[in-house]
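Per-chain numbering from 1; labels A, B and C assigned in written order.
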């Protein structure tokens, strides 16, 4: 993981190479400068941005953040936002890296497919059932449809998907279903490169729908990589059916509008929550993959004045231990603050869900590399070890933070459990050349708070 | 491991740099294109190939696949084929990465050397023994020769060798002994680079024997890196002997023809198999390192119509847990198929041992990146997540697959435990815009088979 | 970890690119050569060197080894030497990688700050205490100063510091306190790049103090990355105090001379040693972080004729299991040797503490890549798998070796537990084309010794 920056380093070294192409300096000097520069990942100008690419489909839109931007490459992360219209289906696909997706708006049904897990759910049945009396399957030729577990998701849920696992998402609500997916491209489960690689089982993006600069290749489903004849013989299905698989819905893109009502079984939510807590050991098939980031009952940090933070980690969602990632959601009241701190363990990718937040980030040289008011729909990277502080705007702010570690640890500078509290007073006095009283002021500053700070006036009036 | 592609990325970005040297475009446009391209590992034209280099020795031949080929670099793997003539010795050496070697032909004796393990075997004794009565050592100055364990290997065996472990191989059979070694260059046990690095304890390749393009350096054994005088003093042996170690057999290359019959102790095979199953905890010294990939008794997949697959993983050969690699051997009947699937966990390096197999591979964009009939002696890479399907030729096929994971998992598309079976029928209908009956056809296709498909006619007549 | 060399590879490939800029060869040939060269990390000319950069401060000097030198990049390591004058303080800071620091001279007090650990030590108290009667704190406004644990260190101690952990060091002795810090930049705890990144909580290096070639940026403490107004509001402290934090001591650099005597609590050493052995499970807060590399009681290798070696690994200092690093200290008598061997597991960074040592290193091609008499204050890299042998100078030698593995394993070539002992005699005969007697000589050479060799005459008279 220490090599997260390899690709970005290459970009930099190559850019350097490019600039020398232009400036034409002698190779000796060039060689020297290269040695000085090549091994570093410049992260001295970060910025927040909305998605840079858009792929329109009949049933919705896929929006991508460009993972080749330096800070995304440096952190080895990628992000996609998917907008699914009512009664539309984000087609089955898998990705080359583990990911978390957050439901920003709406509700729907998600299916994850694990090879080897039983198909014990039946369509058109209102509840989970294996008793014949309750079976009212959507029969074709007398065969009731059985499939793997599906999960209901709604606003505030986060869903964990492992690399190579087929996943699909259906909007059965009344308004657009919006999910934001965060990917850990540098995860050890991904032995491929730092590109976002989506392998679709159906559909395909039309050439028109692809923005320029993302390559001229036509993205189609994986069946197009095989001879229709071979597939038909191998699967023992009509060649005509194989052709439909290959080309059938490519005009619709990656999200299709359904031409009938979908009727998957939807397990009762409460029942599901209960079963996940009753101590039965999880297998890969029964593993909980969903967590409600908006729950009030289990906030990890709560301040009556400042707001709350909900964390999802390997303790709350054990699959994260295997995926090596985690997340937190902050909900801050107007003008409340998030204390100065750094992450000891991970890069972070932050997406603002509501309101506006003023964020400052400093690098190892004490340089300010980020100072923006970030509004809803924008995303930014906080590199590991970089110090950061935030303050909600006049209407408060909500954001979701994706972390490239399953055991994230943060170190706050002032307040409860902070660095200043842990340092001997004399060290503070000598370090800052300040009086004993001033040193005590620093040690006692915000002594009741750790991360959430009550509203205060900001630097800009 | 997410950075397996770093080196290959560099090649690509540098090539890009090179091409711009020629085309002389402006640096701004160059910078933009670079950002688009640099972070990716192009794997859009794979091919099967025989070894590209040959090092002749008196006692045999070392053949290398060029690990700098893009797909080898991308997968972080390397491969070597060694042909050892009767009564010849592949000299003691170690490698910078863990490896599995497969015995393609012949039989012989292999020795692995673990520092700190006891020398409890004696030469010229027909069996393992520590009782004095049985000691009939090849005595010099009254000292019987004691050495570490040696292992008999024959056609179909696979042997696991950890990084930095000295290994030698002697052909005591009547025909050439041929082994194919697969190396996981990107393994975490290798902190060096993605080159195949062989450290020889004896011998050396003559300049003539080295093919062009592999660098002009003379490969000699490690003792040549030290002053003879210093070695002689340090080891307290005659300087003359040190000179022999350094230069003595360099004319013979890397495999020497023995000038007498070898008489290592060969532990009874059955006894060895038994002892490895009797529940005694393995130590690094007693660890089983060999597995028979041709055993009929323990096939993991078996089909009376299609053939069989033997897998060796950490459960069958626990050392693989530490090495992070595994393998499988497929034996397919004429025209039988290997189902469409992708690997969720690893890159694969496939070597065809017998017959011919037609293989197709598709990338994430649905592009066909490989479509070849691969015959005996050729090797190809299947990148992680890339879908693949295979069909044996008219005479059947056998191949051995090396995997860069100790817990490999594959996801089949149709058939038993497949993606299609796990998906709700309605999702299939909407995804492919097909009828309920067609969706059921896909769900029920090959329902009795998982990976092995009975013979079918292929795409090419 | 197999990608330790990514950055260095880039340097090489880019250099190649640069040279072609000059030579103007055709891109096809260039492409070919690139493929041959790009994926390798040349390590064919190693050298020992003193630090290359110096940052003067009022209270001492920070000296850096240039981590962009090829061998440092290849091994993914960095090193810094800090000289702290009496009653001076190396300011609180943290680093982007785990590190070990070795106390070369003097004594002092070190503080490590773990977020969430209790502040149970009180200043100006002669012992650890929580009973009110013993509290004689340095009160300000009636508040006694409480802080986290501090540790006494002196010559020969090694201290383990995890990535992101704030650490400070005060010299309370009479002579300069000198520590050498070894950093594992490629460690998985560091998701940033292969630069040495120090994040200071106070102070800053003046522009004058920075050597050329290290970039023109001014290194200041992290508070400079935030608006003073925002910090003052967030911390609820006077803006004037924030300004002092940001700029106050930047003139003094990174080590400040204290203007009064420091009086941290210093836990009784013996008590600390005892408590760390009494079987209480370690938590992150009580974890032992210090080990005496000069202890005679616990030498791992001892020879009355040759000297001794003290190893610190995860068994002696359990925190190393989490940090993935370890170290050993060798103390050789005049002209004694360190046997020919290679490391199976790690790169090594060697720093000579006393005397002089003659070292030879060979690469995989049998080429001598290092042959130097290394004297006090110099450092060199031994790449993983490269064979090496050493011999102390006429006055003996002491050196400290940092290793990029928490489970280091070495393989010696001759002597007890060696490769030669483990090989069948006949293999040696055939490999070197030597007589049975000579083969026995090699097997029996240095049979009483493993790594430490009694004094012998060297290669240079």
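Going forward, a contact is a pair of C-beta atoms (placed from the backbone, for glycine too) under 8 Å apart; a residue touches a chain by one contact, two chains touch by 3 or more.
For each chain, UniProt lists the protein as follows: A, B, C = 11S globulin seed storage protein 2-like.
As the structure is a computational prediction, the values presented were derived from the model and not from experiment.
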Equivalent-chain rotation between subunit C and subunit B, CA atoms, steps of 5 degrees: 120
Interface composition of copies subunit A and subunit C: same or different, split at half: different
Mean-CA-position distance for subunit C and subunit A (Å): 36
Touching two or more other chains - residues of subunit A: 1, 3-4, 6, 8, 10, 14, 17, 21, 76, 186
Touching residues (chain side subunit C, partner subunit A) in the complex: 1, 3-4, 6-8, 10-11, 14-15, 17-19, 21-22, 67-70, 73, 76, 89, 91-92, 94, 96-97, 111, 113-117, 119, 123, 138, 140-141, 143, 145, 147-148, 150, 162-166, 168, 170, 185-195, 197-204, 213-215, 217-227, 229-231, 233-238, 241, 244-245, 248-249, 252, 256, 258-260, 262-264
Touch list for subunit B against partner subunit A, complex: 1-6, 9-10, 13-14, 16-17, 20-21, 24, 26-27, 30-32, 34-36, 38-41, 74-76, 186, 337, 339-340, 342-347, 360-369, 371, 383-385, 387, 389, 391, 404, 409-414, 417-419, 421-427, 430-434, 436-446, 453, 456-459
